[in-house]
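Two complexes, one shared chain (chain A), two partners (chain B, chain C).
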Partner chain A sequence: MSETSAGSGIAARGLVESERLTNPAPKKPVEPGAPPPGVEDAGISRWIPALGILLVWIAVWSFTKGNNTLALPGREHTDLHQSLTDFNNRLLAGRETNPVMQFTNGISDILRTVFDWLQRLFVRPNLPRPVPEIGWLGIVAVATWVGYAIASWRIALLVLVSFLSFGVFGYWEDSLDLLIVTGMAVGISLLVGLPLAVLAGTSVRANKAITVVLDFMQTMPTFVYLVPVVLFFGIGVGGAVVSTLIYAVPPLVRIGGFGIREVSTTTIEATDSAGQTYWQRLFKVQLPMARKTIIVGLNQTTLAALSMATIAAYINGPGLGKPVINALVANDFGKSFVPGVLIVVMAVMLDRTTTAASERSEKVARGGGGNLRVRRIALAATGVIALVAVFLSRRDLSLAEFPTYTIGSKVADAADSTMSGFIDLVGGLAESVKNGISYGFLNPMQSLLAESPWWLAGLGIVALAVVFGGVRALLTTVVCLAGIWFLDLWHDAMLTLTMVLVGTVLVMVLALVFGVWMARNRWVDIGIRPLLDAGQTIPPFVYLIPVLALFGFSRFTAIVAGVVYAAPAAIKLVADGVKAVSPTTIEAGRSTGQTTWQEITKVQLPMAKGSLVLATNQGLLYVLSMVVIGGLVGAQALGYDVALGISRSEEWGKGAAGGLTIVLLGVMLDRITRAAAEVRRDDGPTTRRAFNVRLPIGPPR
Partner chain B sequence: MRIARSRGARLGALAVVASVALSACGGGGSIDEQTQANEEQAAESGGECGDLNMAVNPWVGFQASAYVVGTVAEQQLGCTVNYKDLKEDVSWQGFGTGEVDVVIEDWGHPDLEKKFFADQGDGSAEDFGPQGNVGIIGWFVPPWLAEEHPDILEWSNLNKYAKEFATSESGGQGQFIGADPSYVQFDEAIVSNLDLDFKVVFSGSEAASIEAFRKAEENKEWVIGYWYEPQYFNAEVAMQRVALPAYEDGCQDDPQTVACDYPETELKKIVGSDWAASDSTAVSLVQNFEWTNEDQNVVAGYIASDGMSPEEAAAKWIEENQDKVDAWLE
Partner chain C sequence: MTAALSVDSLWKIFGTRADKIIGTPDAELSRADLKAKTNCVVGVKDVSFEVAPGEVFVVMGLSGSGKSTLVRLLTRLIEPTSGTVSLNGMDITSASASQLRDVRRKQVSMVFQHFGLLPHRQVIDNVAYGLEVRGVSKKERRAKASEIVELVGLQGYEKSYPDQLSGGMQQRVGLARALAGDPEMLLFDEPFSALDPLIRRDMQNEVIRLHRELGKTMVFITHDLAEALKLGDRIMILRDGEIVQIGTPDEVVAQPADDYVKDFVSEVPKAHVLTLKWVMREPRPGESMDGPALPVSTIVRHAARAAIASEAPIRVMDGDTMVGVVDEEDIMRVVVAEEEQ
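Let's look at the complex of A and B:
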């Protein structure tokens, strides 16, 4: 991070805060002095009433099981679902006349036109030209030049290598498509998000309202957006850009608003006293001073857009997600591996470029950034080279069409044979692990949750929510459960909840083991963290394939995929939390001669409890969103309902109800764990803010 | 120090671009010349083809049909073919917006016809006639099972064996493998209406079902599932059909009360009405397209067993069967 000069101490606090936002869990954590021992006792004792509730639940379950489970097997649906389906049919039938549909279809048309125009410019033949208007050499040159212009030579080199790898591995067109969709979504995010960020940053009331909406948007598993988006914006580019937009806007609004809010009041008062207008204050003071934070928000928005644009392949969104999802349908790991890796390459490129650009703009604003004249000359000279490259690529066929290399398919084959070798090796073991966990853990738990009468399961969940989240969690839990009951998919919701809970338990086991290990050993941290970053960027469909090959179509497959998806974030959170435990406390413990095991269990973990709860929260939400995607590979329950609703119009209502139920489930789990985190006041207030940012990617610290 | 490094980076970057550009050179040619050639070809073939939006539903047989027609349109009519990977239902919704022009292999969707055909619906889609394939859907078991327990091929004996089919996913009942929930299917209704002690578990895709069947035949596992022809995999493992109560007209009208077998279906081409009315040269190609189950299985085999890309597989078949292709182009 750039050094802060004296005098801007308060503004610098904003920067520190924004750093924390991108990398959840505070750097210099826990306020010294926390936690008071009382909290720790309360934490332990909470498990006793929970256990009591569980015992009562099991007792009542043992003679009521199987009654009133509200199961709705197969294709059966209720009147509510039918009326939702009818609603969909009416909208579809009236899409020519209904003003709302005309409006949304109009937006879709515009998006499609813009995309088509960009495609003819960069990607596909602009007939009768056999090639696009600008060929690969021109695109590579201009992109590299842009990297240099907004950041540095090192970034330009990164951009160059990334772009060449798209082509050399044989996915030039899909990569550009993905970049275009991401770019369009980010562009619109800026148009929509910046005014909202200003609103959130300048008005307390607006901020509260916006926060509620953003919470809701970010709790919704990505897969669920697709149902309504397809209805209003159709399949293809329109739906893809809109769903990407919904996922990508929140970080910008949140982080941008935060940055504007944190501009020092002294500065504002000082400039206000000079008699400035609202707009002057906004454009001359608040926005410039919050610039770096806003760019951090933009960085998060870009990465979110990239990951959602990949999932949008499920509704025929263009880009690298398509080969990945095709490979899932064809059960071909090799074919998904290469595009999956290229998505990671693209994410790293975009992440590092936007980060470096923000750092550079900061430096320039402070009067740094090297000799301006030399730089201008260099920019002009390289700009001319880029233009020449564009010109050449418009003239010569071989500079317009990316040459074909075989390395992509070789890598795919190698990945495939490695994977099948691996599966042959551990297939039997995997089968017994699956059966062990399914029969020993998953099925009994599912039986308890889903075979209980609905009122028993509902009461049990409410009671546990009160124990862990206090009264604050009570209202949300009751409302969410009532909603789930109303939507007529209670049984499926309980099945999904079971998978989520089992998955989260596994995630937390991994998070504790690896998190503590990383926190205690710097080299382990440095070694593992890039893997975690990559794990968070690879589209979920990619690792669904090997997991599917290992475990067959089953709930366990969805759970494992969910664990793989959720573990990186949870591990990072635990590692950072444990690392943040004050060294003085640890030293004090060591001087009394405690063992390593005692140190971990009695000092580090209890003191990092806030991070553990946070990791659980993230684990639950990530696993939920992945378990839903698991509905595509035999995981049944709500995910299957949604997949069914997307793919069959007569089941649209059931799918929509499934989607809403997932959202309610997500909100409920989120609120309970948040409330639990707030009951424990053993960490600083900043940790709670980290709830608001997903996809934390960053270099090791 | 800093300058030295950035200069090094600059040189490195130039070197990389230059080497890729050079390795690319050689085969090239002038873009202007090609543009002119394209214009001439369009004029010769008596009109423009323009864009052809071809839906590709998620099974290999469909891919085979779609890419063969698409490749002919591209190579011989100069169309720009856009393949769209979509589920059946979603494809139909695309006719109205122009997102989809052609569904080349439709397995019968009375509900969608009601919504989108002219007589009852919004008229955005129309029937372009049969495409030659005959579709058979049914319940199938691997050959070893049919051999060792021949009576399993009669549905009334299924309950006797239900326990053998149980897995961790089927909750004590027998597991019935459904494929992709978007396919034409009534298995859950059939199971409950025939009082079968089975639970439908979806594999999610054709490929996942194939994997399960292949493993079942190899390891003599008990497996039963939804399966269909034309299907290239049947050449590798000849799946055996279980007889359900015979199909009668109307027994599938209400999806919730189905208790009969699937009928043989004449697979059809469905196209967008606006596209059909346009002067695109691909319209008559799609209208004339017709081939057999064997043809499709050959191309599907190229794709799935031999690992060719759909484009390569289609091009290979077209080269070997130019006479059939010529008939479509008349």
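Let's look at the complex of A and C:
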């Protein structure tokens, strides 16, 4: 793992994976002279009983299909959903008296006030001024200067170009709104997250408790957060900042805590033996030594905030997400293309800037960073220029309001025509791929899962969970399925589950092919890895745009977007896992004369099993979170229920039930795969460790 | 004179409810049996010893013998399960957190195997760290630190960062950090095990020099017998957390307490360690008594030339009284026995 220093914000992944892959917990060897350990039953392959269960399932299904599927079409809802809606209405009606609602609404009000103030400062006219306090020139100048001050002139240039592109393409105000929401969420995340990170990093017990909560939070698809947030914080700025905040805190806590925990125990011991106090240890040893990792956490938090702030457009959050959603719903590729690209530009800008800032801070702390005097003078001089720009932008109207260009709509038109040309070219192929997968794989599977009577599907899932996850998975699976049944959305849950499973199979096919290829060929790795890193910085929303243009409104669009979204993380996990197989073992195998195929299937993949299971786990959660967002583009099922519940208050109950069902699905899939990693002895302790240091492969967004 | 360090029936058992084991018959079980029975592991088992002011006391044992645990118990980096540790008569085991901090700040410093330096600080600030946590002003602590940096031979490297230095130099920084607070006692936890042999020899000589110049009490942990023999005024050998033998280097080599120690010292070049005390004999009747006189503490190797040069046997003196004689043959016996091994 040499990638830790490779620069990008994805370093966190390399960092923690290296910890995981290079220090597998050693197995306790038998003491010399003791009797040999008992023979452990390696067991038969898990796939044979699984196949048996599937055959029985199909047999029963063939004469019961269509009965008791608990389908609940379109806008119908049950008494349970109605009572949830009533609960929502009661809360909303009592918002003046209910202390909880008063509290949350109060927070919402404060957030809105701060946001309004910032908006009048940067974006909207501050009446009676016809323009904001600081005009575009001032903002661009200050942002560029900040880029220079915390990183380098290269980053300053990147910031400059990014900000100008926001304005030139006609999305100046939306871009700034998005930045403000993201910034507010990141700011609050720091206030909340840093103390939690310290707690997680210094106390074993606190770490355990926090990890449980974070695990749960990260199993939850982003879209689902919106349902309760809308209830308590309302739509608009308040809800947007709160949901973004909830989503952005975990990476900081997890990665920051990890960094603090990984500070060398010898150093702690050595400085303890000098007689330091708790606070001296924290501020002089632990925090400085973990600084780089903490900033990596901040980088991840920033990117998570950006991606959630984009999705929050669905609850009327301000920013670039709005034009994207409007265009998505209208299936207008051109109109969604430009803001989509700008979101990517913003993500790249934030990623590069925070990464470069962390590297620079490291360099400065190490006494590097060039001549201090020269730099101070340069900073002061450029700072004065920025201030002059601010002053000018306050005086001159043309420097306050970003001029209107037509290039944005031209690009949109060009994108449209390019896309239609592209569709003319490959549309047939795309259609046949879609049909092939739909008829060959998706439909039969959907039919089996969703057209089985609920008890049959439930029994089948429980049986498979036991086969793969052992008894450990049994209880969670039963509880989750019971919950799903209780929430009256069984049929929709099975439809969503089908999409998730199909998507994950496709993800794993990609991950195996590209992962093994990358691991075995350095050049392929060098070529593909930057693309994967870039792919992981892009907010998931953006993936929907091209896929929708290609496949139109359908569940297939959601699945493909999910696959595209999940693939980078899965491919990297498999590649790193295979690469971590000891060269000695491979050499030993080669010396027995194995073929390349034998080497891959008998040595590399079995030894990388931990990574494969982890990749599957991540694949499932990523695809689930995307398939749910796919509810916006015709994926139906649970995602649609949630989307409807957020947008129509009379459907809130069904939306909430849908959200809970998604959470239960996520927890169930997560627990089964985790248990699958632990159930078999031959997986060794590495798999378990892999899960203990989860996340840093990138948060499911 | 009070001992600089006095340890009395010190125990460390790792595991839950470990404190309940001491005093029961279980405590007498072997390490493996106790682990099997209670899932607790004995780190240090009923250890008592004293170290005199200015002495270099070496604790030796293989890995897992409990020596690193023992040295951490002395300043409670690990909490003892039972027993007492006293420094200059002050009971460390019952000290409050702030008293303990004070002891660590002013009385005892420690040098670690893997250095434990702060990577984000320059050499000078690493050395000054102990003074910094005491609240010494920046100017003062830097002045003191640069003195010490010079003392350990690192002048010119004050502004370097630890990862720019070689292992040996990093350990010099560790040594300087320990010395900066001017403690009465230094604890060394296998400080040179991670260094290559030539550097290790240099560092050992450095410790000998510093001990001669500063006269601090030292407790030195090692798994290397040659190092122990070279540095130690006295050596304590640990096995499975228990004391096997305490003695001066020549006592340990000449009179190993059991087969375990015997096995240990079997490869030692005895002529380099043993003193005349261990090879002298009663004069035979009629032997000439006009050979040269040497003190009883002379190392055998150093007596060899005199013995060969003289016709008459060497007279071994303890002060002014003759306690025995040694001739060429007696010395050859020690040397040759070694060659034959």
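To be clear about the criterion, the second predicted complex is superposed on the first by the 527 of 701 C-alpha atoms of A that agree within 3 Å, B and C clash if a C-alpha of one lies under 4 Å from a C-alpha of the other, contacts with A are read in each partner's own complex, and residues count from 1 in each chain.
Keep this in mind: contacts are C-beta pairs under 8 Å (C-beta built on N, C-alpha and C of every residue); 3 or more make two chains touch, one makes a residue touch a chain.
Note that the structure is predicted; figures quoted are calculated from it, not measured.
Undergrad: Overlay done on chain A, so just call it for chain B and chain C: clash or fit.
TA: fit
Undergrad: Can A:T271 be said to touch chain B (first), chain C (second), both, or neither?
TA: So A:T271 only meets chain C here.
Undergrad: After lining up the shared chain so the two structures overlap, which partner does A:M289 touch, if you call chain B first and chain C second: first, second, both or neither?
TA: second
Undergrad: Quick check on the superposed pair: does A:A141 touch chain B, chain C, both, or neither? Answer first, second, both or neither.
TA: So A:A141 only meets chain B here.
Undergrad: Looking at chain A, does chain B or chain C touch a larger number of its residues?
TA: B
Undergrad: Between chain B (first) and chain C (second), which does A:L448 come into contact with in this model arrangement: first, second, both, or neither?
TA: A:L448 contacts neither chain B nor chain C.
Undergrad: A:R366 in the overlay: touching chain B, chain C, both, or neither? Say first, second, both or neither.
TA: It touches chain C, and chain B stays clear.
Undergrad: With both complexes superposed on chain A, which partner does A:V623 reach: first (chain B), second (chain C), both or neither?
TA: Touch status of A:V623: no partner.
Undergrad: Contacts for A:I528 in the overlay, against chain B (first) and chain C (second): which applies, first, second, both or neither?
TA: A:I528 contacts neither chain B nor chain C.
Undergrad: In the superposed arrangement, which partner chain does A:L245 touch: chain B (first), chain C (second), both, or neither?
TA: neither
Undergrad: Quote the smallest CA-to-CA distance from chain B to chain C in the superposed model, rounded to whole Å.
TA: Closest C-alpha pair between chain B and chain C: 22 Å.
Undergrad: Hey, which residues of chain A end up touching chain C in the complex?
TA: Residues of chain A touching chain C: 31, 264, 266-277, 280, 284-285, 288-289, 291, 365-367.
Undergrad: Using the touch definition up top, name the residues of chain A that touch chain B in the complex.
TA: Those residues of chain A that touch chain B are 73-76, 89, 92-93, 95-96, 105, 108, 124-125, 127-131, 137, 140-141, 144, 152-154, 156-157, 160-161, 164, 168, 230, 234-236, 313, 315-316, 322, 325-326, 328-332, 389, 394-400, 402-403, 434-435, 438-439, 442-443, 548-549, 552-556, 632-634, 636, 640, 643-644, 646-650.
Undergrad: Considering the complex alone, what residue numbers of chain B touch chain A?
TA: Going through chain B, the ones touching chain A are 6, 9-10, 12-13, 16-17, 20-21, 23-32, 34-35, 38-39, 42, 58, 60, 80, 84-90, 93-94, 96-97, 99, 111-112, 115, 121-122, 167-169, 171, 177, 180-182, 186, 188-189, 191-192, 200-208, 210-212, 255-256, 304.
Undergrad: Note which residues of chain C are touching chain A in the complex, please.
TA: So the residues of chain C touching chain A come out as 32, 72, 75, 77, 100-106, 108-110, 112-120, 122, 129-130, 132-134, 159, 161, 174, 177, 181, 187.
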